[in-house]
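In the part that follows, the structures are each spelled out as structure tokens.
Shared between the two complexes below is subunit A, which has subunit B as its partner in the first and subunit C in the second.
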Partner chain A sequence: MSDMIELNEPVEDGHLVRDEIRRISKSVHARRVTTSRVMMVLCGVALLIAAVPLVMLIAELIKNGLPVLNKAFFTSEPQTPTLIAPNATGGVSNAIVGSLALTVYASVLAIPLGVLVGVFLSESSSKMASTLRVIAQTMAGAPSILMGLFAFSFIVHDLNIGFSALAGSFALAVLMMPVIIITTEIAVRNVPNSLREAGLALGARSHKVSLRIVLPSALSGIVTGVILAISRAVGETAPVLLVIGGGFINQWRPLDPVSSLPLSIFENAKSQWPSQRAQVWGVALVLVAFVFVMSLTARIWASRKQQVRN
Partner chain B sequence: MEQEIMADIQSKTATTESINRGPIAMQLRDVAVSFHGRTAVRDCTFDIAKNRVTSLIGPSGSGKTTLLRALNRLHDLTPGAKVTGQILLDGVDIYRGNITVTELRTRVGMVFQRPNPFPTMSIYDNAVSGLRFNGVKKKSLLDEAAESSLRSAALWDSVSSRLKVSASNLSGGEQQRLCIARALALDPEVLLMDEPTSALDPVATLRIEELMTSLKSRVTVVIVTHNMQQAARISDDCAFLLMGEDRAGELIEFDTTEKIFNNPVDSRTLDYTLGRFG
Partner chain C sequence: MALIPTDLHVRDEAVTEINSVTADRTWYHYVLLGGAVLFGIISLGFVGTIFWSSLPTWVHHGWTLLTGKGWSSPSGPFGGLAMIVGTFETSIIALILAVLIGLGTSISIVFLLPRRIRNIVATLVELLAAVPSVVYGLWGLLVLSPWMTVTVNPWLNSWPFAKFLFGNPGQEFGTSLLLASIVLGIMILPTFVAVSREVIAVVPQDLIEASLSLGATRWQVIREVVLPTAKVGLFGATFLALARATGETVAVALVAGGVADAQFHLLYPGTSIAAWIALTFGESQGNEISALMALGVLLMLLNFGLSMISRALVNRQRRILAIV
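What follows is the complex of A and B.
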């Protein structure tokens, strides 16, 4: 009670102080409004400058890419133009099939292993876990050509398998794994501890808690990470450049050479035939469209997770 | 020295009172919990009587929740946590006796402060999750347990038509009742409740309180509460804990709720229940 009386006492002075505070806050407010407007304009200008190259890139891609897209582009294998038929480039079905094969094999290799390691990292606080985490983080930042070199020396050379889809998907899997490991670990860590406790308090053993409660709750986060890893892998050129061998035929067998969309861009961009150089834009457009659809899917998954949380 | 005498008196009152209060569900003998060598709560000796509601009251930091979590070994996974003394369930030491932690937790259920239904599961799956975790697969058995536990938690009428809906669609009060149903599905002997209504509005709180009173006939309830009126309204027995000078919580007094609120032995109990501190 005595506290309240003290608070009520200095009423007279209080008004003077209050007027002073209002005067200062008014002038400060006016200055802040001006600063805020200037900053908003600066931000808008920066946004425009940043958006210009992106918009130009997409416009160029669509302008040059759309005209070369037709049924044959997707369904026929490539041909080498000749002096008699300089525009007979064929399609890029070999690259589409090759990219799909590479992505599927790489996913089969990387997803189960990456998710398991991610779960292990989040649930364990052992020395081994922290070492693994450092390795994953370092690998995530490593230049992607390194994976290509490794796949070349290990699969192509040491195991003597030769240029093959397997070597390419191995390189891509090594590239995808750190992304999957890191996103999985974060997703699993974000599962509220109260859910684990609820499971334990019902007499569940800890592996059942991980499998039946934690993993399902973290699933949307894990799937988001997996989709991002796939969309990164499908566009990578450097790791597959050295090891998949290329080739003009549609083929998906793991032990034989394949082509891929980025490799086809790399090869055709150097071509002496203008028709082949023009085709590159079509391939690039397909690739960008694929990556766009994948990241859109990832975003939808991520927002679905938000809804579940709310 | 004074504390020793106090503890001595308490253990004696505990045993003499227990005769009047009927059969005993759990016995605590000189229970203390410490984290990394720092004692969080100690000197807890009292009996939890069967089919009665026992409340643990006391200001923040007095170790109520810590003590409650020791009763179904939830401290087991906390690094550095150590529980000493004896906690007996039906005469069996739950830390050293012939009982696995899994069995203990199916016999001593727990409801947490914030409703925590499994968000990826439906209402039905939540209700039977404990049974499934423990290997029950028979559909008829699960169906029966789901209905009876949801009925006991006074939730059946409002959810029976949407059992397949995600549990996160329920209101806070309904979620908490689902958590109670989930614990009841295992038909536990003791139900531990850690401030189960502190995240709920007054109407939802009232429904949970009514529920606790109606559950008494089939399960022994131990509840931690900050709300003195709640303790007075719903509990039969009451343990008052207080933080000592070394910041460790200790049991000050244990008795029937009526005695604790009307005629306590310790003056600090009276001060607390009258709202003079805390």
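What follows is the complex of A and C.
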């Protein structure tokens, strides 16, 4: 009934009500638009704030790192500065050799097994496969210091091998394996089913299909994962800190202690000698440059693969 | 802390399982199975060895490790309260920073940036995640720490009631829990952004267009449609970032100060579980190693729990979107 009453209202009142509604809606609209603008600007500011550390970090790395890079930095072994020669830091060749050795050994341990498990996960839907998948995902996010504890108790202590490159590369291999497993599984699963079925339809046996058709198609994805895993392992300090022992000489024998680039940063960052603190920036620059090149390669590789498929 | 592609990218379509379709079991199948079994043994060994080495501590001083305040090398007692408190303190402050900034970043990547720039920014986020944590630690120690001591700390101390939050002024040493939290926040930001961007980007376009057509402004669409739809996945991203923050080691070891003292003043030095293991392991023997392994067990339980929650949430988000 109330509608009827409104309809019977005088015309002038109707005008008043309509104007009032217009006024309110205009102010509400203005408020909504202003809120929207303010919030979107705030989001943009957040993006800028997020970019600040990256820019600052790279600027500091280049500013402090480039001046200390010279031939001796790469080729000579480190020295401890003394009061007589406070700038005699030597180079970091021991750390470069050590990092290379650790990475190579860890890759040898991790890549074959990681790829095998990844292919297994993609080609099986058993209870075991899904359990292993969860384990791999959990281990991929596990704190890296735990790999160090594992390598210490198992290799250094239980097997009594002592502080060695082998223990460090074992820790790094445990760290790399989940990454390789996950990326391999994704790469193999992304191979179109039609390829598998075509192979089977031609009468190829299952391992032939897998080895000759599926794996070659998934190769670029697998390589991307391996590169990611290596670039992560090279930069890790915590797992190797506990088990590789360190040392000042260039050495790559698996059973002896080695040094590594991240470890030398960690040990010299709080050095009392300004010359050593300056040199640390050079090591950091080399490390970051290496990791960036690896990540970008992996990314370009992955995107090129997608373009080919499209 | 490099980013690992999550299973978000896996195709939903079922893969033809060659072996089960053909029931054709060759040597190849057994090699794959052998690899899987070996990986299973390694991961069991991973958990088992650390737990086994920590057993003496749990049997003899279980409660001391959880509630004791002092850590005296080399013979004990080994109290882990300071490290546990420090871990939670630094991770939660870092998480607040990372979520506030990261959410804005993800929203602007998805809704403000043109497509071309969006890919570049995504690459930059990935690079930020790829920087080794020791480099963040170095930067925090040699660049951020002096700046904080000169500029930020005096300002913070001038706040009302600053004493309760930050401790007495003039007691700072350059490295502090607050510095560690900020460095941690920067480090977990890419992790949070990578997942939350993904979660926000897959909110169905229909929903967004429907609410735009009803006259909603851009912010209203985000607040009323996008964020509620993506809520579960965003919590997943948050837990993942928290898991990363609790496990971060060397950066915290460099910038937190490395003092085992259970307290809440943010400008005093402190430590976290992972950082304490890294700092003290080198000089420890016998019982102390076992106690550090026990701290490792705590860290492992915390991290595995958090990442399990995170994975469950991200999976639930995916199911929610499948229904929408």
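General observations
Assume the second predicted complex is superposed on the first by the 266 of 310 C-alpha atoms of A that agree within 3 Å, B and C clash if a C-alpha of one lies under 4 Å from a C-alpha of the other, contacts with A are read in each partner's own complex, and residues count from 1 in each chain.
Basically, a contact is a pair of C-beta atoms (placed from the backbone, for glycine too) under 8 Å apart; a residue touches a chain by one contact, two chains touch by 3 or more.
Small disclaimer: the values here were computed from a predicted structure and weren't measured.
In the superposed model, A:L287 makes contact with subunit C only, not with subunit B.
Contacts of A:L102 after superposition: neither subunit B nor subunit C is touched.
In the superposition on chain A, A:V258 makes contact with neither subunit B nor subunit C.
With both structures placed on the common chain, the touch criterion links A:M40 to subunit C but leaves subunit B unconnected.
Of the two partner chains placed around the shared chain by superposition, subunit B and subunit C are both touched by A:E197.
Once the two complexes are overlaid on the shared chain, A:R205 sits against subunit B and subunit C alike. Of the two partner chains, subunit B is the only one touched by A:S217; subunit C is not.
Of the two partner chains, subunit C is the only one touched by A:R189; subunit B is not.
In the superposition on chain A, the chain among subunit B and subunit C reaching more residues of subunit A is C. Once the two complexes are overlaid on chain A, the subunit A residues touched by subunit B in the first and by subunit C in the second are 197, 200, 205-206. Chain contact summary for the complex, subunit C toward subunit A: residues 2, 4-5, 7, 9-11, 13, 15-22, 24-29, 31-36, 38-40, 42-43, 45-46, 49-50, 52-53, 100-105, 107-109, 111-112, 121, 123-124, 126-128, 130-139, 141-143, 186, 189, 193, 217-220, 222-223, 240, 243-244, 246-250, 253-254, 274, 277-278, 281-282, 292-293, 296, 299-300, 303-304, 307-308, 311.
Partner subunit B is touched in their complex by these residues of subunit A: 192, 194-195, 197-206, 208, 212-213, 216-217, 219, 308-309. Chain contact summary for the complex, subunit A toward subunit C: residues 32-33, 35-37, 39-40, 42-47, 49-51, 53-54, 56-57, 60-61, 113, 116-117, 119-125, 128-129, 131-132, 134-150, 152-154, 157-158, 174, 177-179, 181-183, 185-186, 188-190, 193, 196-197, 200, 205-207, 209-211, 214, 225, 228, 231-232, 234-238, 241-242, 262, 265-266, 269-270, 277, 280-281, 284, 287-288, 291-292, 294-296, 299. Per the touch definition, subunit B reaches subunit A in the complex via residues 72, 74, 77, 102-106, 109-110, 112, 114, 116-121, 129-130, 132-134, 166, 168, 179, 182-183, 186.
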